[in-house]
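Here come two complexes built around chain A, the first alongside chain B, the second alongside chain C.
Presenting the complex of A and B:
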């Protein structure tokens, strides 16, 4: 019976051009071929055109002096193209990180305003969100920039609080806290303090669980940390001895041969792939045996192994420099770290410098000692902060509204105070809803800092544009941009995912 | 695609649900109770109110003093209004601009008449709006600081500390009499309505259409009576006559446009109740889709046809494709069969090979012939869906002939030189180019985004990897790098001898960028389609193309309408980046063209404020309108 059924099935098998499996793979491979073919074609055209215009595509410009001055950053007059791009990256990252912090703060406040029962606050929140959200960011940045540029000129006694807070058409200058001599030695003490504080907190929580007393674990842990840090402020020179062991580590690493690292990287790549495949197969194995693998599963396995082999190829043959670069980077890192210890460092770990105004030549300008926010930085910074805050406010509002009303009712019935309800019941649950879209907004903020090009703040895009205008290496610069932004995106999604997994409801 | 969405909107356009059904009618309480409940409920609340109130007053006062400061050069914007809208479109051909606006107004009027889905608004709500608007205006009048005094030469008077001398508070209040009248009339009518009407009167509704049309009408009438001032720029001469009425060249077209809006709305209403409603809706949808092309290339660009070439080449080619294609399609649809499919696949092969040949320059062929071949292949692939009755087959042939007519006409038009007399390469600029780019981007990125979304959710691994990679890479990098990439790099990628205008490169970049985001929105919709729908489609024996096209996509798109509207608004806002890559959109006009005029050197903030206001009005009304539609149609709730 079964046999006849099967034979009739095989007999009525459709011709190959109507066979689903065959057609499916033919179509896919055809499309893949078209995509790869057209990319290859475009690349070859670009190569021809570039050769015709005498602009070879290489990355030499990274080690050549570009002859450009940057408006701001850790190095205003970079020696090499690579250094210039690095300054741009640091500027972008600085803006993005500060922006994320402030935008979250403003956004949460506006979001809570929109949730408030108070009519006025509610309206202020709505007006803010609607106004900011519906005007393009670029227009806002340009507007802020032109408003800041029309502030009064710098004079020797510039306001509003002379000596502390200077505001002029050169930007904002405020006192700067900076890392001083003994910071790294002190950081060791603080780390010890952190470990101690954590120990105290756990202990206290244990007592609280046991006896039911309010032992205030967080408060005591903070006290311990503060105490240790305060003591460390004076005794940190003790850790100056770390200089020697760190230098020895650095020298030890530089002794490792390059081939060893290459082999190690190759082995790691292969091992990761094999481990992944084994896990993958394990997941498809039940007590009844291995489940039938679909085309898709085979595809994934082949993809993983091929990826590992490509990595091995890259590490061993295509780019051996990667391994020596890794070695040098790690060794340099320890050298730099060792120099932070000893050498008679006994000063304060942190210090503060007041802003100053200097006059070189005809016009006065801000000196280097204060923390100076240029007009460009301020325009982009406030632009992205206000803009993103409007979206974050909506996310906060949505997240809080998505918490079932029963939760707050139950908390009220327990007799908790309003603030406690918000802090202990509503916000933790809302945070779970808010995290994924919040991560998206952080990503958008990081990408939006690229609009700095419109007001001349030296972020990676602006520096990159200056570099390729000087050297003509457009394609390499664009590739560096893309790599940089893609790795930023990846980092932010990894961080957000980490918290997302942590806050997820554990399901059985 | 356009009709799909409109049909979704049209589901229950017949009945006029105004407000949310479950929303209780607010019982009127007296002002003191309202204040106590909403502003001064307890100490913390009172404190917040005071802090918030002070902050509001300070911010509002700062903004007012900034906007109405004696340093502001608003005449810069007034004089350059035309430049902001159309840049340097020649004066002699300006009628073309008005015709384009008229076409858009006609489409708006017809659509709102035909679909009539604006709903109604409660009188109570109108009263509240009137009161808030009136109160806000009066608050602004009180908060703005008195204006400075000018001497007889128009120079600001200054006291001994060189601070400007301001008029006294009372005379400032007196000099703002016009604003007092406006504020009091709004607030007063709102208040009167609120207290005159009893609770049944307040729950009465008026149509939303009239609440839009009446203020618009008032604005149009005010063009004829109110002294807005006459400002213009012609032949290098700035004309600024404050206190005059606007020129007739402004008031007459706007009056006609308003009347046209009224007429087309009435016409739409009239057609809606007749038998022609269905075909009229299709026509209006198609007109919306082709309007950017027709407006830009036919009306505004005014092609200068080379009639000898048209008769010798363009016309015969169009006729050839039209008639041969019709015969082939007619033959393909005679009965279901393997032959049709094999033939269609062969056609796809030929069409594809044509493009490969184009890339390597193997044999010359007009670009539109290649496009027509491709379209014929697509039509042949769709042919099995039109097999059967005579009416169906006729429909396919009609579609084919219409498409060929449009494609060949547009191709000829685009290839002809423009008659518009302008020195720069781009004949249009300002707001019009912004809207054009936004429209084309949305139109092109929609199909691409849907394809990418289907690819990402497909069971085919290679498609999935390709689409996922594309979407994630594009979403990981900022738009500006993509735009720079396209405006700088595209010339390098093209085969020698082929050129792409700067604007086309920009639109390509926008489309590719926007498609990735659109794909994610559509994917959300696709994932919300329940498994049962797929199974039911399979049980009916539909092919996978039919299942996707008729069962899955309509439901998915319906769910993703709200994020899609959000994407449309985002795309519109993103067009501001055109200014960075050197296209004269209206942001660039305000940011660099006006400040470089000798008469208005460095006057930038005024223009930027106006640009933000225009962006705000478009984006805000679109989002409010879409929210209204969503609420009324319950999109996303089913």
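Presenting the complex of A and C:
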């Protein structure tokens, strides 16, 4: 009796609609079908409707002269729509990167003020945070804009140090450094210097560990780097000979047949997938043998192999042009590089250009040779920096307060000095608390630069708006905006996550 | 105040040694609440003093005053001839001479066990790293966990963490060790491994003040037991005196509750 009961328990399978494995797979495939189906449906519907109502969805404007002038940027008079948007992107990136750096600096200072026992510093920090974070960013940007607009008007000889530094209602103009002829030769010398400096640093750290003397490894390394760079400033033309080998590399690459690249790409794709699967299976292998693979595991393996096969298909059949494009791109890269080392390119590595004031029509304005920071840039820049700094200050304060009091007590009890306690015990732990919210603030700052439109700074949004006002290509421009901000944000996230993983504390 | 004539309760041999810690009339307020009321005691070199008493009696506050984790408002504290004042140099000197072990271990979670132990020798004593690591390894050997040197504190058991904390304090080669309820946060089976280390330390002649509820340890290791209640030292005596024939009623009440 008991035997039959046991065998019926182990052997009888449930009907398929109650079998967990079957149900799971059916549901997954069903969901996948629904998602793909609805995406197709929506896309084709949208396409039909857009065509019917004559809304343009093409990207031709990227290669057509938009006929617009930009107020500032790497190219004031771009000759294609794509170039115009690129100028806007560079302006946005410039603002975001500089803003992140300065906002972090100001934020940390204000945050430390709020942590201070000094009554005055503490209250200044609190007042700053409460004032700045409770006023909308747009209002602050408009405020700074109107303040800067009241600076003296620009004339031929304006500014605190005429010829070097100009400050007026057109903004700030300072000397600009240019990459000049000898730069690439010199860059190689500097790279050699970096390697040497790193070697010296390691050596000095080793001596310090052995003898306990303070050998100042960082300072020695910097001195080595400075010394090598300074010598390189005069001897860099010796690297001019690289011109010939680089050109030969370029020619060699252009001789490779396209089919070889196709095959190579296909093999790499397959090899990567197979290697991944093998590593994946290895990770599931224990001394007792291969663990039972779950449905998820099978799904991942199938996904990896299918991805590789699709890649092979694309490379070999669907898009052979990709391979020749890659080939040409690499070859062109080396050609351009070899030209950088060509004849006559042995002048100074860097050049400096002084700001100038030129007559544009009736009005004097800053010319292109100096580094010009406009009023619009300053308004948006200080707006996002001060605004974000208020939030960063709170993050710094919270991060430090979140380190348990016992940590500083234990460090104090060991006799460590105040600065050592901060540097070796509190800050490393506080940084771990601060990183994730800090990443959020960086994302916010990057996205908030789009408020530049309020004061007419030529960021990607302002340029894009001008472009679609001229061409009527609203949807394509918006799609470019979205892609741009998405890739900026993802880049910031990846960088922050990298440090987040690195500072993680090991437990168990 | 016969109770505060601490030296009278010390054996003659101990009484001849030099004073390591001298507290005279130490007062400490938290706002309106007086946590220490004129605490006076003298700890001799190489003495093991166990401080016990009900919670809230000021035991922890007192030993935290000795290395300036709390600031006392009245009275004098002298450690190894250096008076604890607002002078930063004195504070640093005393802190590097006095090791402390906490109830919650307070290891640095972002550093390996070895780095926890070498941190202070390298940054305060300016020892070469090689030398500091050799010392740290010897100390980890002494507390019985040499094999854990490269792990992080979060990977160790409570008892192991507390032994690392003891090694970390010993790495400064202190003249005095303060223990603030070192076994109170431990599981029962781990208490012994920590007490064994402390016992070994006491036998090696270290001056120790131990705040603890481990009466077995007190009876066995202590030279003197200091009983505190309500911010005052109520009774001081040898373990035999304290456990067998206490004189004060409050001491008798306390003992009847815990034994």
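Everything that follows uses one rule, which is that the second predicted complex is superposed on the first by the 353 of 508 C-alpha atoms of A that agree within 3 Å, B and C clash if a C-alpha of one lies under 4 Å from a C-alpha of the other, contacts with A are read in each partner's own complex, and residues count from 1 in each chain.
Simple rule for what comes next: a contact is a pair of C-beta atoms (placed from the backbone, for glycine too) under 8 Å apart; a residue touches a chain by one contact, two chains touch by 3 or more.
Note that the coordinates shown come from a computational prediction; the quantities given were computed from them, not determined experimentally.
Legend: residue contacts after superposition of the two complexes on their common chain; A:208 is shown touching chain C, with no touch to chain B.
Counted by residues of chain A touched, the larger count belongs to B, out of chain B and chain C.
After overlaying the two complexes on the shared chain, residue contacts for A:77 are found with neither chain B nor chain C. Legend: residue contacts after superposition of the two complexes on their common chain; A:425 is shown touching chain C, with no touch to chain B. In the superposition on chain A, A:296 makes contact with chain B only, not with chain C.
Of the two partner chains placed by the overlay, neither chain B nor chain C lies in contact with A:356.
No residue of chain A touches both chain B in one complex and chain C in the other.
Remark: chain C residues 67-69, 92, 95-96, 98-100, 102, 104, 106-110, 119-120, 123-124, 126-131, 151-152, 154-155, 165, 168-169, 172 touch chain A in the complex. Across the complex, chain A meets chain B through its residues 17, 24, 27-29, 31-32, 34-35, 38, 41-42, 45-46, 48-50, 52, 116-121, 124, 130-131, 133-140, 142-143, 146-147, 150, 295-296, 299-300, 303, 443, 447-448, 450-451, 453-454, 461, 465, 474-475, 478, 481-482, 485-486, 489-490.
Note for the complex: chain A touches chain C at residues 208-212, 404, 406-407, 409-417, 420, 424-425, 428-429, 432, 503, 505-508. Across the complex, chain B meets chain A through its residues 38-39, 41, 45, 48-49, 52-53, 55-56, 342, 352, 359, 459-463, 465-466, 473, 475-481, 484-485, 488-489, 491-496, 569, 573-574, 576-577, 579-580, 587, 591, 604-605, 608-609, 611-612, 615-616, 619-620, 623.
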